[in-house]
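What follows are several structures.
In the two complexes below, chain A is the common chain; its partner is chain B in one and chain C in the other.
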Partner chain A sequence: MNPAAHTEVSVTRTSIAAVAILIGLAVLPYVIDIYQVQLLTYGLIFAIAALGFNLLLGSTGLLSFGHSAYFGVGAYTVAFMVRDLGTVSMELCIIGGVIGTTIIAALFGYVCVRYTRIFFGILTLALSQVIWSLAFKFFWVTGGTDGIRVPGRGMTLLAGLIDFKGSGAFQKFVFSYYYYVLVIFAVVAALMWVIVHSPFGMALKAIRDNEVRARFVGLSVRRYRWFAFIISGAFTGLAGALWVPLNGLTTPDILYWPFSGEIVFMTVLGGFRTFTGPIVGAIAFNYLKTYAVASSAYWQLVLGVVLVVLVLVLPNGIIGTAQQLFRKLRRH
Partner chain B sequence: MDRRTFLNNIGLTVGGAAAATTMPVIGPSVAQAAVAPKGNIPSTPLKMGHMTFLTGPAAVLGEPSLKGHLLAAEEINAAGGILGKRKIETISADEQAGTDANVKELRRMKLSEKIDLFTGVISSGNTPALGPVAEELSLLTIFVDGCTDFLWDKAVPNPKYTFRITNIQSADGVTCALAAAQTWPKAKKIAHIHPDYSYGRNAFDHFMIAYSKLVPGAQVVSEGWPKLGTTDFTAHITKTISSQPDLIVSSVWGGDYVALYKQALRYGMFKDAKFASTIAFGVAPHAIGKDHPEGAIAGVHSNYYFTFPPGNRWPANKTFVEKYFKRWNEYPNFQSDGAYHTLYMYKTAIEKANRLVGGWPDEEAIISQLEGMYYETAAGYLYIRPDNHQGYKDAVTGFSKNVAEYPFQILDPATMITIPIRNITAPPNWPKPGQGHNDPTATYNWIKETWPQVT
Partner chain C sequence: MTIFIIQVLNSLFYAASLFLIAAGLSLIYGVMRIVNLAHGTFYALGAYVSAWAVGTAFGHAGGGGWHLMGQLLLLPIGAIAIAAVGAVIEPTLLRPLYRRPEEYLLLITFGLLMVLEDSMKLIFGGTPLSAGTIMDAMGSIPIGRLLYPTYNLVVMAVGLGAAIGLWWFIYRTRFGVILRATSQDRRMAAALGLNVSRVYIQAFAIGCFMAGLGGAVVVPAQAAVLGMGVDALILAFVVVVVGGLGSLEGAFIGALIVSFVRTAGIQFFPEIELAVLYLIAAAVLLVRPTGLFGRA
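Coming up: the complex of A and B.
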């Protein structure tokens, strides 16, 4: 079998699997209660952020410790639009949020991609903390730690076609918003799949694996990294924009460095060497944190132990390990 | 108008010592006397969610809230439950998880655990986030604290399901200012150290507006805004000292405050300046060591301290402190009082509603009984204003003192300061921010517009 045929088969297989999973996800709200629907919506949104993040880590080999900045800029842009401009259309908010994030990611990326490894990580961390301190300190603009409220039921979806009034508005909102997010997630995941498997994505992998050779082949390493950075930031910003109305408010917590750490955690949990790893990791992490907080006062300890076990026992994450097991079983 | 006339007008009183113990020991009033409930009462348990700080530096102030709640729940359950049938089951959650996680947890409690009542919440950063969520979910909620004016001024301007028990926050800064102006009227150079979030901002604003009305020429010489949860205050302490203030004002609270005062002692911060805090003694009483400076204004969030009223002058306090100590082997703070009486007020509202409509009353009926309720708590009479669902009681603060009876420093009951609440907070229907003024709160505007300037 030649490599091209192999790719075609895997494309077909992947598409079939993806469609099956999407159908499953679409039926789910009729089976589970509204609280679980809400949790899953959070999970899907974080999955978009982690997908974006992994374009840098998995494909380009750059570990960003500052992705909270892009998530937060997306979220705060929407919050400002709703509060100060009176925007209610979710589509306008998404466009605004993504544009805002793209600008910031382009600026920060321009600086950061000049470095790699730990220097890159520290720089992304430092820049994200600049944004955090702005949100935290400009109390009269951003509400400081009080944040800005963006009630989901005040928004409209699909250019005003769907709005939420009357009793049970929150439940109605969650139900519709789940499908809204699911569709965006499907589009975005497909888009990311195309990016990763495009010549551009291959170039990123070449740069990741051997920077010097990539340069000799004629790739403009810095420019490729910059583009990857911008795309990665924009995806994460989209997630931030989607997250605000669901969460009902935005606070500097999502700009603070531990949240960057959580994005890394999600990706590592799922497995950053695979395409689906960050998706599964994000959804799993969301459940893990929610139930750890709910069940124990020592929830930080629970998360810490999980992280240690992960690094020691499952360095390839959930998906990576599952694939290994699958291959082993096949061989026997 | 001179200062003394003004303070007399406002009704600020300094509490006398306890009378001799020859008084007969009387119990608290029995408004909640057992009457057989009307109609059929289901025996399914009542589920309650209680959220407070269980970990981190804020826990030393917040955790007593859960203890107060559990004590009340155990007492009610031991007596057969509410209306003699429904026992209370409590799920608790750690507020330390952060505002976003708290919002998620509240939704989980309502949608997944199906709680009947949500109580607790300590931080003013959290109630404006949780209040709208509770309204959204139609979940009856009685916040124990998180008492920012912002909740009713902006976040939930027309509350239906949400209530709050502890005094409104603006009263805290004003109480501290009145006590300081009465005690040290010559202090003009003021240095501030406040946590950098809504509570600190609120304390700063209301202290200054009230204080500058009473002490002409008062000026801010230094501002420090440590992040909530900070444990190293060195930079703020040295900045404060170098500004050579007459008076240092702080609203740093919980474990943060314990760290602040211990570090400030090492730098001699309390030597050359007076010290006034809105909430220093708001922590569980045993958290304050005997090394704390004596004679400081050590506020309790303008709510409650267990030594006051002393003796049997207010039996509801005496019995509460005894029961609390017996159960937890420590003394209560204002959160314990708030959480304990939250549950009893809820119980009372249900009993009243039951007498009217019979059976287990629906939420509308319970809410109508909570609105306007006047209740005897350990801290004094508590009134729930119907328009904003906020609890009001006379504000207290006091002076720190070491006594032999307690292994920690206490507020001296002989010099406690009590101020009628209606004299320091905006009346109902006073314009909220955005309605003709842009001041931080309605009370701020009310003080600015209606208080005379002392000359």
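Coming up: the complex of A and C.
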């Protein structure tokens, strides 16, 4: 089989699998209770953030330890729009959040892509903490550690077509919002798939694998990395914007550096060398964290042990390990 | 004028503890090329262990001179405990990862941070632990019309002593030569017959010792609380980035710069004092990525 035909087969197979999974996810709320629906929505939102993050780690080979900044800027932009401008349309909020994040990501990215490896990580970390300290200290603007409340049932979806009034507003919101997030997730995941497999994505991988050779071929390495950084930030910002109404509150915690670590954790949990890894990792991490928090006061300990074991024993994550097992079984 | 002197002393006190944390972080990076995200947590753990040891051995009753002497002698136990923890962690958790991309090392130290943060909560509970009896017993000295705690001066002396000791150790002893050789070229050092694995354990343990010592000397002045490690790490990062990753002189000067900027910041521009520090770190990285004293 020639390589082109092989790609075509895998494209068809991937799309069939993707459609099947999406149909499954669409039916799910009729089977599971409302709390589980809410949990899954959180998982899908984090999946968008992790997908964005992995464009940098997986495709470009840059480990950002400051992605909390983009998640947080997306979230805070929405919170400001709702509180100060009285915006209720979720679409407007998303547009605002993504624009806000894109600006910050373009600014920070321009600075950060001058370096790679550990310096890149520390620079992203330092810049994200600038945003955190501002959100933390300017309490008359940001509410400080109290944060800003953004009740989900006060929002309208699809340009005002769906609103949430009267009794059972919260349940109605969670139910509708799940589908809203699911559709956005599907679109965004497809978009990321196209980006990763486009000539642009291939160029990023070439730069990741051999920077010097990529430069000799004529690629403008720094510009490619910058664009990847902006796209990555914008995806994570979108996730932040979607997260606020579901959470009902945004606090500086999502800007603080350990949250960046959680985004890295999700991605590695699923496996950063695969496309679906970050998606699975984010959803799995969300369940893991929720149940660890619910069942023990020492949930961080549980998560930490999971991370340590993961790094030592399963460095390829859930999807990477599953793929390896699958290949082994096939060979026998 | 009195206020000015007090603020300078506060800066020096703060610089001493920051230097102890940052020097360990820098040493570990310099020799092993590991960015240890759990380093702030080692500092916090040192504070807890020392406060617990002093509290358990002497209770909360103040005592005479002998009492104070005993407490002061017991204080460094936190540093020793953390060095032991480090000597266990390096061969078991870090060594298996040296052949892998550096991202994994960063991640495992993040996992360690989560484990250790909650272990502290599990072992020492949620209430702050303090060794304030030492601070009270040492009294204070008059500066102008104000009083300044004598213990803070001890901390400055310890910071300065540690700086001189570390400098002597790295540049004037045989072990220091081995350490620097390993840091410059690990393979060559191994080829020349040095036991690199042992150097790594020693370097990591010394780095941890410094972090633990930082926690131990601070705990009589500031109680050990949950979350202090996570906060301290980022400031130690700023110090190390400004001074240069892997440079001892850099950690020293960086600690002074950060603490003076921060003291001035709290006085004159409290809203952006932290933001200014991170921006300084970012600016230094941009202009001189190896820091003020780092070598490429």
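The definition used in the following text is that the second predicted complex is superposed on the first by the 332 of 332 C-alpha atoms of A that agree within 3 Å, B and C clash if a C-alpha of one lies under 4 Å from a C-alpha of the other, contacts with A are read in each partner's own complex, and residues count from 1 in each chain.
In the analysis below, contacts are C-beta pairs under 8 Å (C-beta built on N, C-alpha and C of every residue); 3 or more make two chains touch, one makes a residue touch a chain.
These numbers were taken from a predicted model, which means no experiment stands behind them.
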item	value
First, second, both or neither for A:Gly154, with chain B first and chain C second	neither
Chain B versus chain C as contact partner of A:Lys137, first or second or both or neither	both
Touched chain A residues, chain B compared with chain C	C
Touched partner set for A:Gly121, first chain B, second chain C, both or neither	second
Chain B versus chain C as contact partner of A:Leu312, first or second or both or neither	second
Shared chain A contacts, counted only where both chain B and chain C touch the same residue	136-137, 297-300
Footprint of chain C on chain A - complex, ascending	57, 63, 65, 111, 114-115, 117-119, 121-123, 125-127, 129-130, 133-134, 136-138, 256-258, 261, 264-265, 268, 297-301, 303-308, 310-312, 315
Residue ranges of chain A touching chain B (in the complex, touch as defined)	33-36, 38-39, 42, 136-137, 139, 144-147, 149, 151, 153, 167, 169-170, 247-249, 251, 253-254, 289-290, 293-294, 297-300
Contact set on chain B toward chain A in their complex	54-55, 93-94, 97-101, 103-105, 107-108, 111-112, 124-125, 128-129, 132-133, 136-138, 150, 155, 196-198, 201, 227-228
Sites on chain C touched by chain A in the complex	33, 35, 37, 93, 96-97, 100, 102-104, 106-108, 110-119, 121-122, 230, 234, 237-238, 241, 245, 270-275, 278-279, 281-282, 285-286, 289
